[in-house]
Amino acid sequence: MAHTMDTRIDHLGEATLRSPIQSNRFINDDQRVLYNVFPEELLKSIEDGNAPPAFERAGAREQIYFDPKSCRAAIVSCGGLCPGINNVIRSLVMQLYYVYGVKEILGIRYGYKGLNKKWNIEPVSLTPEIVKGIHTLGGSFLSSSRGSQPIDSIVDRLEELKVNILFTIGGDGTLRGGHQISQEILKRGLKISVLGIPKTIDNDISYLAKSFGFETAFSAAVQSIESAHAEAAGAPNGIGLVKLMGRHSGFIAANAALAFKEVNFVLIPEVDFDLEGDRGLFKVLQQRLDQKSHAVIVVAEGAGQKYFQEEGNKDPSGNVKLGDIGIYLKNRIKDYFKSIQYEINLKYIDPSYIIRSVRANPNDTVFCGVLAQNAVHAAMAGKTNMVIGVWNNIFVHVPIELVTSKRKQINPHGSLWQGVLESTGQPGLINE
Amino acid sequence: MAHTMDTRIDHLGEATLRSPIQSNRFINDDQRVLYNVFPEELLKSIEDGNAPPAFERAGAREQIYFDPKSCRAAIVSCGGLCPGINNVIRSLVMQLYYVYGVKEILGIRYGYKGLNKKWNIEPVSLTPEIVKGIHTLGGSFLSSSRGSQPIDSIVDRLEELKVNILFTIGGDGTLRGGHQISQEILKRGLKISVLGIPKTIDNDISYLAKSFGFETAFSAAVQSIESAHAEAAGAPNGIGLVKLMGRHSGFIAANAALAFKEVNFVLIPEVDFDLEGDRGLFKVLQQRLDQKSHAVIVVAEGAGQKYFQEEGNKDPSGNVKLGDIGIYLKNRIKDYFKSIQYEINLKYIDPSYIIRSVRANPNDTVFCGVLAQNAVHAAMAGKTNMVIGVWNNIFVHVPIELVTSKRKQINPHGSLWQGVLESTGQPGLINE
Amino acid sequence: MAHTMDTRIDHLGEATLRSPIQSNRFINDDQRVLYNVFPEELLKSIEDGNAPPAFERAGAREQIYFDPKSCRAAIVSCGGLCPGINNVIRSLVMQLYYVYGVKEILGIRYGYKGLNKKWNIEPVSLTPEIVKGIHTLGGSFLSSSRGSQPIDSIVDRLEELKVNILFTIGGDGTLRGGHQISQEILKRGLKISVLGIPKTIDNDISYLAKSFGFETAFSAAVQSIESAHAEAAGAPNGIGLVKLMGRHSGFIAANAALAFKEVNFVLIPEVDFDLEGDRGLFKVLQQRLDQKSHAVIVVAEGAGQKYFQEEGNKDPSGNVKLGDIGIYLKNRIKDYFKSIQYEINLKYIDPSYIIRSVRANPNDTVFCGVLAQNAVHAAMAGKTNMVIGVWNNIFVHVPIELVTSKRKQINPHGSLWQGVLESTGQPGLINE
Amino acid sequence: MAHTMDTRIDHLGEATLRSPIQSNRFINDDQRVLYNVFPEELLKSIEDGNAPPAFERAGAREQIYFDPKSCRAAIVSCGGLCPGINNVIRSLVMQLYYVYGVKEILGIRYGYKGLNKKWNIEPVSLTPEIVKGIHTLGGSFLSSSRGSQPIDSIVDRLEELKVNILFTIGGDGTLRGGHQISQEILKRGLKISVLGIPKTIDNDISYLAKSFGFETAFSAAVQSIESAHAEAAGAPNGIGLVKLMGRHSGFIAANAALAFKEVNFVLIPEVDFDLEGDRGLFKVLQQRLDQKSHAVIVVAEGAGQKYFQEEGNKDPSGNVKLGDIGIYLKNRIKDYFKSIQYEINLKYIDPSYIIRSVRANPNDTVFCGVLAQNAVHAAMAGKTNMVIGVWNNIFVHVPIELVTSKRKQINPHGSLWQGVLESTGQPGLINE
């Protein structure tokens, strides 16, 4: 149940230093943001005698824990690329340097690998001069790597480097690593804050209304869909098939389809579909071609996995390897229409690397900047084992354990999916 | 007080027809979205014995009021341009036509003028074929006009045209007009629904978390700021001065500054500033030039109005005419530095028309589409005298009277402005 | 030898009607544009007693052949997509309609298929109202198809449709078809002009300084290379591999590499390369990784064909089917580094469909417009069996037979390739 | 007469060192590119007994003059911003450093000011690391200034800084300065090469087929015209009026109009027009509004100067100050329609600073790169007092004196202007 979720934030100790910020806008630790916005759920929790579930509000604290003069921060980015990583790095540095006066900031190269001494990767020093232009480029200025490293080695290295604050930019696996690091730090009695900046291009992390880079990603996907549409309309019975990111959640596919109005079918992991049968994809696609002579299909990479054998394979970050539904659909659709001697012209587009490596758009730039500002506020106040997120449009603190406890998915009975059905005109179910 | 706000929605009558939508996702009229997300405010209202203030949730209803077969809708857009108008028009038509089967849709040309018979402007018929590509262009496919028309004439014309639903896309004045039209309709005992789609590029309408086109607008403004920065950096003591929209609220200026990281001073209507004095703009600007040899200033058009005589002039839409703070600042800054024989190179950029006429970006395209979908759901269910909005990320119904009751502004003590101060490094107060 | 090339243009007959254009800028048929701009070649041809080789200059003629009132034009687009097709269609219609007063313009759908009655594809009527917005979209408004149709059927259909001018937008195969059509027309004694607008995204048609859409295409490719670079720099020993169009000529790859400065190796059909060996690709790539830890490779689709068996397969347009050098390189590079236990992270991007379906950029828009204007001038003057091209920055008439007589390629000893070598720093030869 | 033009290039002395470039593609000094491409002009010059006028071909020479090990280069950019300046700077540095091995490269800040010791501006050292990302930004990395400095002081400073090659990026005035500098160098018997990279956003320098940044500039202007069109179409009798750059030549206005198809009137310096009279602008504009209810006008800043008193004012670079035709037209048009009680809605857009400060587009990036490569080749070979240009699509050497001898303008009787008239449909003459 949502109302038993634990939103308490770990602290390294009492914050007793005066913040260098001149402001009358400080936030205090008692300020909360409600989890529920539907009154019935909320009233129920109150009737049950519980405080309504709520997150700690983010923002500058009047008292801080670390002395900026002697504080040393480190920043690491892990996992695959996502628009906005460089914006986050840049804003962390600017906020630490100019707002708090923290001048020692290390950039850890190649993800957690860079914190395992055995790989022999030296950190770089990050200054405003060095990072000031990095947000105009996609990718990660610090480079990245996949997979975990021994927690012991990481904490050894943090000690050795005399790091007080570690900012980890990464997804599920990275955040779980961050949690383990903070547990080990606690065990050793160290005073190192671990602050997560959740990165997931799929927008599938729970308890976070949105993740940075997601909007840029689905916006960049629009161009590929536009191309798929031009190709489809440009040949007899043209079919444009676009595979988009979304391992377990179809948010990119759904939003990209709403952002370009010529998509006819959206296939996502959350909604089962069949290929065969009277109401299966082949038949509804054929009907569309009969009527309009062209069609556009958008498929999330995690859709239709029932068509693959369970392989049990995992990639270095521990993610299950998916079957390639894009190639599979391409071949199956071609075979089907060939079998009924129906001429089609199918063009398949897989734009993943192009999408995830673009620079953040202006709205994501704003978002990354404020995320980083609040991450620094939280870290300087001595909070740890948490991520910065946004909920009901307000920036909040969320325990790492909570955000990694389950995955966010599209509700097939909710309004987003209803909007997609209305926009595409596709059947509610594409099933035998 | 927020908790006494009236969020009840007017209905034309009981909705008794079965919706043509095949779905198990219908929303019922009892579903609510809380206004407050801070527990203390909420608990206070409960302790006071009131139901917590909340909005009616938007979405498809199982029972509808109008029979799609005999229903005739009309769409009108009023006031200045804003990105996304064509997206809204397009999505209204698509939703009416394909989802509900309403085939008679009139496009009213040139705003409310087109509903006053004396101007002799014939409506156009809107079909999917006609509107399918209009969202790729900025502007308004239906064209627009400023100013009000006699309410009587408008309702006469609606009767004459046998309109059942009027969708009005417009700002403050337009929505007030919509309210008056719905009152006159009530008086005459007509069965015409008036549904507002709030349009404000300044994002300054209350009880709406965001307005369509706003994100596109501040994103488009980034290019001008980038140019201002290039010009400033390209000459000795270069100053780039950009005037952005924002008559009473500085949201565009603030967000554009957060979206491009080289802005040094943001001036908005909500925060007073002086030019003269030891901590006035001239002096802090001079300090910046002494240190860095260039500076970028972003000013919202409604800032610094204390420097103009009250003229009492109003434009045809009833808005107070503002003094031109951009030109004024340009001249005053030049004069100041001339007076102290300090060479500067000031370049002034006023990109307003370029910003407001661009096409909606992908995120606004999604937003406009869902707004329109929900507006049609509400209208078909017989609701009237309301606007579609979004609150806590959920689409809601809001009475027109409520949204026009006050203006939304940046809180100078809130986190948005705090973020701007941290990002620009400008002093909290620029005052004598 | 260039100076024996035949640049004479076929005419349907004497142009005796007064052009409706009010102008004092008419071009006459004697005006010529020199083929050679190097004096030694030119002087040699003069010494040999020949007139220097030169093209007929394009432009409005004072006397025209067809009476606009009774003239009927048809437009067809064939083969694969290319940016600018819609611009050409639009400008042909506008020029015919407004400048000459030709009101009957047929759009032939689905390429030459639409001119073979057996496929039962009705032409559409093209008016300014219909085409005015089509240039804002990629693709082809008229749709297209590959492959040839019987010349007899095409000319039958042209007679049946009472077409006087046929504008064919297409590549090599299409233009050869156009030549055959005009021969058959001649044989039948018909008065139908066949005007070609050469389309080749690869920019590989001879006697044409550039082809429409080429600049847009290589510009669009830059984004993919930028992504490849971000991916390469974002992982340990990252390699970004991009396959671009260019079946027989590497112009897109070469120009895209000059337009984005982080390309390290460009592989094109005109320059042989080896994978193995001390100076082969594997080794020079490894050296690059040793030094810089990342690399970007751009390969034209027609490069390295020696690595494939001759299959003799041809696609419906008669083009030889190439082996997929992109996939091949990806696999071979991975295998090589695996064999020497050298960790790499290779990301492969194939953006072809995304590139060829974008809308024309402003410069190509200008170019397409002027091409179309001049094509209409030529057709109205009764010229036939020719294409419109540009040579030494001047628009000219070129016989179809001449442009299809050989292919244009990058000169490995010329300045374009020299510039690529200097920009990338790659070895002049990548060979065993 | 063109055929008496002097295209001889000055040399500092004989080039006797072996180029470090490994190549079999060297160009020798005898290679020429013909000036004329029309045979009659060419044959005439031959009959007159003259060699046909031709430029020296650019490119790498086998023998060079400066020893890369001891050579010191300097780069300066002068005058107003233009897209591509940073590309040129970057490519000069890369070419000097990597291709020739010249490691000492000075960046002169703030134009010629930075070469006058009295202003106390220290040069910066330019390395590949420093310049590698600058082309992603508009503006000038070295900053700029207007106006001339005493030639003596400049040459003194060059001697003091031990500069061997000076690359000057700038327009008319800057190039004239470069010529004077090279004359003074000659007088003093110094061995300093002065190489000009002609910069003119207006594309108005003679003997150069095109100038860098011009294409980017007119392409960027399209967005403003698109906005003007949206504004015009969005209000009753809307008029969009856009002022574009073009002091003496209307190339930007003409090309931008050809690149966006909704322009109705283009006004340029080369073609006189009247406001009053039966065929003046007011009347033809009124006719357009009567028919279509909206209109778009593009005016080059140098058009219609007859409406201003000769002021004799000049700016610091010595350019005549023009009257502001944009503001003037705006006011006169408003007054005219007010005087006849004809409601219009005029929106005026002046996007100059936004256009000139954008980054170079891909095609200009290619062009800037090759310009810089060839400029370095020429300088290393000991050539001086010349600029790099392109003629008949081939890169050439042109004496500074020749390029500054007259201005390039649109020929009102030529094909570019004819194309504009056909595209806009405007009358050939807008005159009383």
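Going by the order they are written in, the chains are A, B, C and D; count residues from 1 in each one.
Note that in this section a contact is a pair of C-beta atoms (placed from the backbone, for glycine too) under 8 Å apart; a residue touches a chain by one contact, two chains touch by 3 or more.
Source: prediction; values computed, not measured.
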State the chain with the largest centre-to-centre distance from chain D, centres being mean CA positions.
-> A
Count the touching C-beta pairs: is B-C or A-B ahead?
-> A-B
Centre distance in Å when chain B and chain C are each reduced to the mean of their C-alpha atoms = 46
Roughly how far is chain A from chain C, going centre to centre by Cα mean, in whole Å?
-> 42
CA centroids of chain A and chain B: separation to the nearest Å works out as 29
Which chain C residues sit where two or more other chains touch them?
-> 137
The chain D residues in contact with chain B across the complex are 81, 110, 113, 137-140, 143-145, 223-224, 226-231, 233-236, 238, 347-349, 351, 353-354, 357-358
The answer for chain D against chain A in the complex is residues 133, 136-137
Chain A residues within the chain B interface of the complex | 22-25, 27, 31-34, 36-40, 42, 46, 51-52, 54, 59-60, 90-91, 94-95, 98-99, 132, 135, 209, 215, 218-219, 222, 255-256, 258-261, 361-363, 365-366, 369-370, 373, 392-395, 413-415, 417-419, 421-423, 425, 428
